[in-house]
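Consider the two complexes below, in which subunit A is the common component and subunit B and subunit C are the respective partners.
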Partner chain A sequence: MRDDAQPRLAATRRRLLVGAGVSTLLPLARPVLSQGARPLRIGMVTSLSGPFTALGESMRAGMQLLLSQSGNSMAGRSVEFLVEDDAARPEDGVRKARKLIGQDRVDVICGVISSGVALALRDVVTEAKVPTFLLGSANDLARKAASPYIVRPTKTNWMLGHTAARWAYDKVSKARVLTVGSDYAAGREYVGDFVQTFQQLGGRLGRQLWTPLGSADFGPLLTTIASERPDMVFGFFAGSDAVRFLRQWKEYRLAGRIPLVGPGAFFDQEDVLPAVGDAALGAVNAFNQSPTAPASANFNRAYMAAGKPLPGEFSTNGYVCGQTIKAVLERVEGDLSDWEKARAALFAEPVDTAFGRIPFDPRNGQAILDIHVNEVRRSADGKMINTVVHTYESVRDPGPDA
Partner chain B sequence: MVAVAGLSAAALLAGEFHLRFLAEILIIGTAVMSLDLLVGFGGLVSLGHAALFGAAAYAAAVAAQHLGGNLLFILGTGIAMGAAVAALMGAVIVRTSSLFLLILTLLLGQIVWEIVFHWRDVTGGADGLRGLPPLSFGPWVLSSARPLFLLAGLLALAALWLAHSFVDAPLGRALIGSREQPIRMSALGYSIPRIRFLTMLVAGAIAGAAGALYPFVNLYIGPQSVHWTLSATMIIMLVIGGVGSLWGAFLGSAVYLAIQTYISAYTDRWQLFVGLIFVLTVLLLPNGLAGGLRRLASRMRRRRAQQA
Partner chain C sequence: MGYAIVQVLNALSFSALLLLTALGLSVVLSLMNFINLAHGSFYLLGSYIAVFWFASGAPWWLAFPVAFLATALAGALLERFPFRGFYARTHLMQVLLTYGLSVVFADLMRWGFGAQILSPELPEPLQGVVFLLDMPFPVYRLFLIGVGFFLAGILWVLLDRTLWGAVVRASVADRGMVETLGIDTRRVLSAVLVLSAGLGGVSGALGAGMLAAYPGLDEEVLILALVTVVVGGLGTFRGTVLSALVVGFALTFSKVWFPEFANVVAFSAMAVLLLLRPAGLVAPRLRQV
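On to the complex of A and B.
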């Protein structure tokens, strides 16, 4: 644009090239932050839009509660907390994690709900050597995709599918069990692990039904279930899918007629049960979290004092994740620069959390947890509440042996 | 020349994250630009463009997993896959227009998505594919951000050049003719289905080349990349950038991805901003940001000419 004497065609092409050049420079407007003495930065990747919105908001609230309880400081370092939305999509999650690592220079990454996002992040954080506390429960992260940079202070899908099968076989039904699930990583694993253990015990299965994540209408599925008349349904849906499924489960008059068993997230205390009335009454779930478990009592009180409802999985997950990060920092006096050492310190001794006292498996950084069997019961004030009826102690994922 | 200078300046100055982010913008921008050939010059609004892009991305990822990440081989696989899906889509849509074209491309795109989503053994289903080997070119391994960015930049420039020469060639002129005066063009002896089919092939090949590089930026590819929502996002990027300008596609994808990545750190409602910008663009800049910039430049030039 400096030279008007150029012929028209050349000017057009140059303008075009200027445009292309400028467009590539646009996002550079924010300068790269300089290193130096600075507070501990914790970056959380979670779902604040998409099917897991409610879960992501609970996770953030749990972490924020822990941070405010500890006066925004851990082991003498002040803490900055950044949150990014992954919309439950792996592509977005990877981009956000790269932003947290590359631009915001976080010291620790935590969070994640969708197993798909968790698996996609694995290579990114391992390559960047960033200590990561993942709350997505994909089995592979404790097995062939285990990473020395990943610690998981929550359950694997196997822990719940496996214990649910043991309970279902012993107490509910040994045959004619139908499974139904969300067709994505977590659903495949929950149902797959349930089926595997159930068949190993000698149980017999009926049909297996799948539906995409984010389904609005479960009508065709429920009609099939009604015509199959199974003795029990093992199902898994999460977030808004769980709410829609359970509402329609009642509308199709299946509630109370066919026993419904699932992993805990299907009947989450905070994000699912309050939205479905009594549709889930009597349902049984295997879960590492229960509001009626003794270890959760203090957290329940603090969370409800902050004006929140009775906590469910993801607020507890967020809180426990914070407790674990805090424990690691305290054991290495706030210095995360030697992750090898920090990791060894974490494995040396169990951590006291709202899930109870949890040891970590040194093979894969996976928590070893007590798994409760909850039944959805009506409490004295008429609310639905996940009530512990049995506890399988110290359930450990088979890890690399699987 | 200025674009090359811009690219190399960015390559020298920007950090790891920004380079990867820019590479993603350039790759998506290239795919959007190939859509511009259909929308801006042929008047063919397609809701299935992500299927071309995503199918090529999956083909490249699967090929890399089994046969390694040789760059030329990967690019070839992507281009072939993009062109093949485009040929299928082209064969179906050449005789339709407007609403039916929109619906048919949407349906064909969803068929590709269904295949990707349910063929778990090959595509990983809903979980997508990870654990890809890095791209390599001869002895060089192109895994870090800088070479990936330069690669994306070269791809974008080559695609832009190709698209320009396509539009300036007799075939491109005939394509515009088929949009403006289809009856007259037929009367003159042009075969409109043939013109459209060839355009689909070119657009598919360019989108395929972009798709081939896409999995290697994040070392991950998921079913979202073939879903129709990405096709719709591409159309939004194109409208924001400027339909029919070709280079506006890069502006549009930069604006969209920047909003998605930066605004969403402050609010969960980033899509509101995309919507607002979209509405403002349609109302105030009917030719998109590219058209707006062009108008601004010519106004400045006129003012300077008056002063002189």
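On to the complex of A and C.
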């Protein structure tokens, strides 16, 4: 028996070694085979399962739209687009990013929804020196975690919390403002930045309520809010929490009685508004994205022509990310080998995107964005639509100064 | 005062929802000793059915029987294959089977209904609100409380007070003895599973107005239902009812008093409860043959 087993084992081992040899040689062979017009490989890390599934699908659709509009080529190089799912878990994100870098040899990484994943990827891409167009919105991404290899073509939480406070103080209420938020990193930042700016302006706050992420029932919280009778509520919830909160906000007859203000993700055009009927009517939000902003008009048309609804933040993010990558490539004639040079070319001049004309802050690669104040209004066809009522121009995250 | 009353009603409405989902899970678990982790999928399917039914313009109240029948049918098919082959297997095998199925169903539903969050447009009569001493409380939640406890009552009568219920309980206690009486126990057990699936669906249809419907909700609901069943004690009907009330009130009032630590407070309370009464609130009488 043993004599018989021995050679077979050796045979499999040999076969294994041959297989391994061929597969390690392949990536090395590729550049030699197709020298000159090597395609540009863009790897996207996003959430295609887990809590941000719908957002991840929108982000991918936004990017795909830009690629098909550009005929799958940027600055004369054909583009290969690879997508990996991080399931909104940092450890998965890191694993997938390492796979994209090590195995797929991507030239550029983009994407990410969860700030937890974004912060985890920061070190991976910085060590590997891979140019990364990183979304996610934790303030630290523009501050402590800024990296010379990371460009941030989206907002930070501070940009929204801060502008919402300015608007609330000037136009809504200076006192008796209650805050309610989802108790996780993004909620803490949005509400914290709102509170800080609001108090600096001289506003006075009422109670501050927090509730765990993923609350099934907001009834108890809404009853507490109803009994507090505040002059205004600043709130932040995302995804299914936002949908439940807003629907129940209406069921408990708070809609229309107490002004509701929040960062834009709370009233996202694509993810939240279609699911809440008219419950959010009249609510106001500060956001870098609005389907009624003039810069977004072309993108809206193209996105809806692809059978999608009116775009929200993440489809626009995906698209803008693509526009930024394209702009960089065009400025360096498709040659990303000198990232230092490419980065300088990006910072030298603003980029025209669906978020408007955005300059990048050379200190941290963070986009300087126009922040719109959107009011949820009923459009001509009866749909709820985030309508720009005011724009704070060129809002810049304090970055390393914070 | 109005505030306190409304918070109690909030707790009751959440308890009613817990009760409905947990009952479906508990009849199968306690009567058949079968762990069905795909129960959350029945719930979510029921929610999707309600969302589309309300949008279709058909008489709204039919959504609940339709959700019941549709998920009961799904349950009947699953019962024939593969559940039936696993009744006699160990719990671990049942967990592997039903968890695997729940992952498959989650993907199927995501494919069929999309990944976006859907929430039903509630029918006119349920959209109203009552003011209790100046505090608003939605009519829909009163409806939830009413229907929840009504269905629980029916189920209790069915299982505890009818001959059929006695046969079900007897089949679990000693299947061989019941067979010798000329009763086809396989059919009895199928009926229980179908009933459980239907309950899952109808609770999904009822709960859609509160929890909406989206991928991932199946797991969230399953966890709440499991907590309720375990706190209540396996094998008792009264236990599940009592536990739904305890869990509902704990989760609600922890949100009222310590909104920041709501989950920690509520689930620590439940952990302490289980330490004190490891068999659950109402420990089942051991049936030994």
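In this text, the second predicted complex is superposed on the first by the 364 of 402 C-alpha atoms of A that agree within 3 Å, B and C clash if a C-alpha of one lies under 4 Å from a C-alpha of the other, contacts with A are read in each partner's own complex, and residues count from 1 in each chain.
In the analysis below, a contact is a pair of C-beta atoms (placed from the backbone, for glycine too) under 8 Å apart; a residue touches a chain by one contact, two chains touch by 3 or more.
Bear in mind the structure is a predicted one, so any value in this text is a computation, not a measurement.
*Asks:* Looking at the overlay, does A:A305 come into contact with subunit B only (first), subunit C only (second), both, or neither?
*Replies:* So A:A305 meets neither subunit B nor subunit C here.
*Asks:* Report for A:Y252: first if it touches subunit B alone, second if subunit C alone, otherwise both or neither.
*Replies:* Touch partner of A:Y252: subunit C, not subunit B.
*Asks:* Touch test for A:P212: subunit B only (first), subunit C only (second), both, or neither?
*Replies:* Both partners, subunit B and subunit C.
*Asks:* Classify the contacts of A:V124 with the two partner chains as first (subunit B alone), second (subunit C alone), both, or neither.
*Replies:* In the superposition, A:V124 touches subunit B alone.
*Asks:* Which of the two partners, first being subunit B and second being subunit C, lies in contact with A:T224: first, second, both, or neither?
*Replies:* So A:T224 only meets subunit C here.
*Asks:* Using the superposition described at the top, determine whether subunit B or subunit C touches more residues of subunit A.
*Replies:* Of subunit B and subunit C, B contacts more residues of subunit A.
*Asks:* If you stack the two complexes on chain A, which partner ends up touching A:G50: first (subunit B), second (subunit C), both, or neither?
*Replies:* Second partner only.
*Asks:* I'd like to know which partner A:G239 touches here: subunit B for first, subunit C for second, both or neither.
*Replies:* Touch status of A:G239: second partner only.
*Asks:* After the superposition on A, what does A:A380 contact: first (subunit B), second (subunit C), both or neither?
*Replies:* Neither partner.
*Asks:* Share the list of subunit A residues that count as touching for subunit B in one structure and for subunit C in the other.
*Replies:* Touching subunit B and subunit C on subunit A: residues 53, 183, 212.
*Asks:* Under the definition above, what is the set of subunit C residues touching subunit A in their complex?
*Replies:* 3, 6-7, 10-11, 13-14, 110, 114-119, 121, 127, 129, 135-138, 140-141, 209-212, 214-217, 220, 224, 251-253, 255-256, 259-260, 262-263
*Asks:* With touch defined as at the start, can you tell me which subunit A residues reach subunit C in the complex?
*Replies:* The touching residues are 50-51, 53-54, 57, 183, 209-212, 214-217, 219-221, 223-224, 226-227, 239-240, 243-244, 247-248, 251-254, 271-272, 274-277.
*Asks:* Would you mind writing out the residues of subunit B in touch with subunit A in their complex?
*Replies:* These residues of subunit B touch subunit A: 1-7, 9-10, 13-18, 20-22, 24-26, 29, 117, 125-128, 130-131, 153, 156-157, 160, 218-220, 222, 224-225, 246-248, 250-251, 254-255, 258, 260-262, 264-265, 268, 270-271, 290, 293-294, 297, 300-301, 304-305.
*Asks:* Where on subunit A is subunit B touching in the complex?
*Replies:* Within the complex, subunit A touches subunit B at residues 1, 4, 14-28, 30, 32, 48-49, 53, 82-85, 89-92, 94-96, 98-99, 101-103, 115-116, 119-120, 122-124, 183-185, 188, 212-213.
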